[in-house]
């Protein structure tokens, strides 16, 4: 655990606030690996379709991916629980300090890691430094209908609340920040507090097994705080000290990620 | 009424050149009325001349100070004016301050040394100057001022000491 | 019992082998006018071979640099081979490679000047030109890898109405400061000792070249004040550019060392990269000197086997230092047992690119150690240049192993993917061609040998009779 050295302004003052605001719990034991979250996220956030060749070369741009592993050798092969991997919204995000133009910054109010598309110049240092490898880069103009006429009709599907990124720009999961802001705006305009469960990101909404729980982790009574309590809970790559906001529940390989 | 004229004496080698300078001093030409123009640098004591003075180091130090201030501003000034939280790192990080300040100090030091050369030597200057092309072929030239009456006497004395030629120095386009 | 003295076997009948110091450049002085004429002749003699080489290089630059880069900018980085997780590939390897090459110029013109190594005199400018042109290629390679290169000016700190400043927490911004400092300072350092030589060319030129050289020489004559200022400025540069040189490649290495990747997060990267830079840089100097000596007229007077010997000795020492640092970088993760580092090492040594790793070790360590220990071989220009080529290939492979190959293995095995370069191959050829083209053009415009420094050295070197031998003696004329 981090020790509080109480040093003056040359250290990070917000380290004291380890609670943060928005967080997520993913239950690996009930995840079915159906990839509904992947599809929903792609549709909600205008994630481009890169085509067969680029996807085979490792350029698929899904903000959330279902990782599958197995253990043992053939024929005694056993599946391990599916591992949905998305941006962990680390409190000490390694992707933030390495961006030369402040395109990857930390939001103090929501405790999320922000990717500023307009500011990104595409050096891709943030992607190299992400230990979870959840950052995607727009290698080509995948969404430009002038270059890909077959996409013209798909443009009707684009979500107007989310920017469509052009090539040369990094992107990643934002915890559906557009939905967070919509919820907060609605609550503010009705002069009430945001209720737990009012803001649901696309992946949590689509999951048929209800394996993804999202909410305010600084509220101990919220569903996500309660879900993070069991002894099955662990953080990915905890030894790196990134302080992620996503807790995984896994009874089998508790504390390791294979 | 005696005018001052500028003469240019060309020498083949270091020995005769330093002898010539001694002779000129003995004949009454002061050190600041003489100048040596050569194709390679000679320290003052080799030719018997007081060393030239330069302001380049002082100018360079001013540059170094300005560079250090720029480095500190880039890291701490900008963070103070436009604070942005990144990666759990402090807003005023110490190591980055070292790096930026070091680089900018060095840049300031060298850039101002370069500019100091320009300022102190009056570069670039394209007005006509006293010069002969043989200097870049290895000859050592002594440029000095003397009375018009003494011209012949000084010239003879230098040629006896080994000067290749002593002529009126004409300012020409380089 | 009488003791008979017998001559020792190795001394019987054979005088001590020693090279005649008069074969050295510093002890073989010619009149300055004659040396000037030789240098001017080498600048102005162009044969059909020169035009053929320049034409070929120009064609390569047009296709593999200009057109290939246009193609990259117009279509995006998808036409390159980078992917997830290998977000940085050959462009970054090239950047590190060219910055490495550029370090040799500073080493020779600054460190050897400060240490008063006299053999540096005829080739400081040829080496310093390598620095400037190498940094041009490094800068080009960095710009090539950016996703939105048309916004590259955002890395430059300038006040704007949107209150946007670059982030100095990022090693890339330290890179920006360091490399810009290095480019500006080494260009200024190239220009300073060049001024008297430009003045010499100006004095011998006619017509419109004379106007050009007159402008460039700034009105330099060689008065005491001018020499004093120039000398002082050069001294400041020589001393100050050495820590800058060390800091530049250290900061470049921090682009990788500051990252959380296995294989990258190594604290030895700073000095390891600096030594690697010197390794490839000294080898490149050997190549350049061989090309200059064998293709340009009169250069056999200025650049002699003794200079190749000196560079060869440096190459051998740096190769040993590189092996030492590589051992550090290799042994510690091997022993330490971090799971991902071990997987990465296994991938490097036994994976599909195992032959690259072995080639790198053979070219960087075995080849120099096998050849450079013998003075006769070091002094043979073509042999030293060949060793130089092999070392440069080895060092380029080293950067390839560190950057794209290490990125393949990370802590998320689901994402592992091999890197296959595409347009980067053409752009690499393009940067090499541009480097050589700039060099060929510069050889016509400025004298490659600083004649005034050679003459200064020749005046300081004499032969002194000590006993029965004429020994070379050096006086401190500076």
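Before moving on, here are some points about what is shown:
A, B and C are the chain letters, set down in written order, and residue numbers restart from 1 in every chain.
Please note the rule applied: a residue touches a chain if its C-beta (ideal position, glycine included) is under 8 Å from a C-beta of that chain, and two chains touch if they have at least 3 such contacts.
Just so it is clear, the structure is predicted and the values come from calculations on it, not from any experiment.
Across B-C and A-B, it is B-C that has more C-beta pairs touching.
Legend note: the chain whose CA centroid lies nearest the centroid of all displayed protein CA atoms is C.
Centre-to-centre, using mean CA coordinates, chain A is 44 Å away from chain C. Chain B and chain C have Cα centroids lying 30 Å from one another. In terms of their C-alpha centroids, the spacing between chain A and chain B amounts to 63 Å. In chain B, the residues touching two or more other chains are 84, 86-87, 89, 93.
With touch defined as above, residues shared between interfaces to two or more other chains in chain C number as follows: 165, 167, 169.
Multi-chain contact residues, meaning those touching two or more other chains, occur in chain A at positions 94, 96-99, 102.
On the side of chain C, the complex with chain A involves touching residues 75-78, 82-88, 145-149, 151-152, 154-155, 164-167, 169-173, 176, 255, 258-261, 407, 410-415, 417, 420. The touching residues of chain A, counted against chain C in their complex, run 54, 57-60, 65, 67-69, 83, 85, 94, 96-102, 119-125, 127-129, 131-133, 136-141, 167-170, 237, 240, 258.
Contact residues of chain C toward chain B in the complex are 31-33, 36, 157, 163, 165, 167-169, 174, 177-178, 180-181, 184-185, 188-189, 192, 196, 199-200, 202-204, 214-215, 217-233, 236-237, 240-241, 243-244, 247, 251, 452, 455-456, 459, 477-478. Within the complex formed with chain B, the chain A residues making contact are 9-15, 91-99, 102, 104-106, 108, 243.
On the side of chain B, the complex with chain A involves touching residues 84-94.
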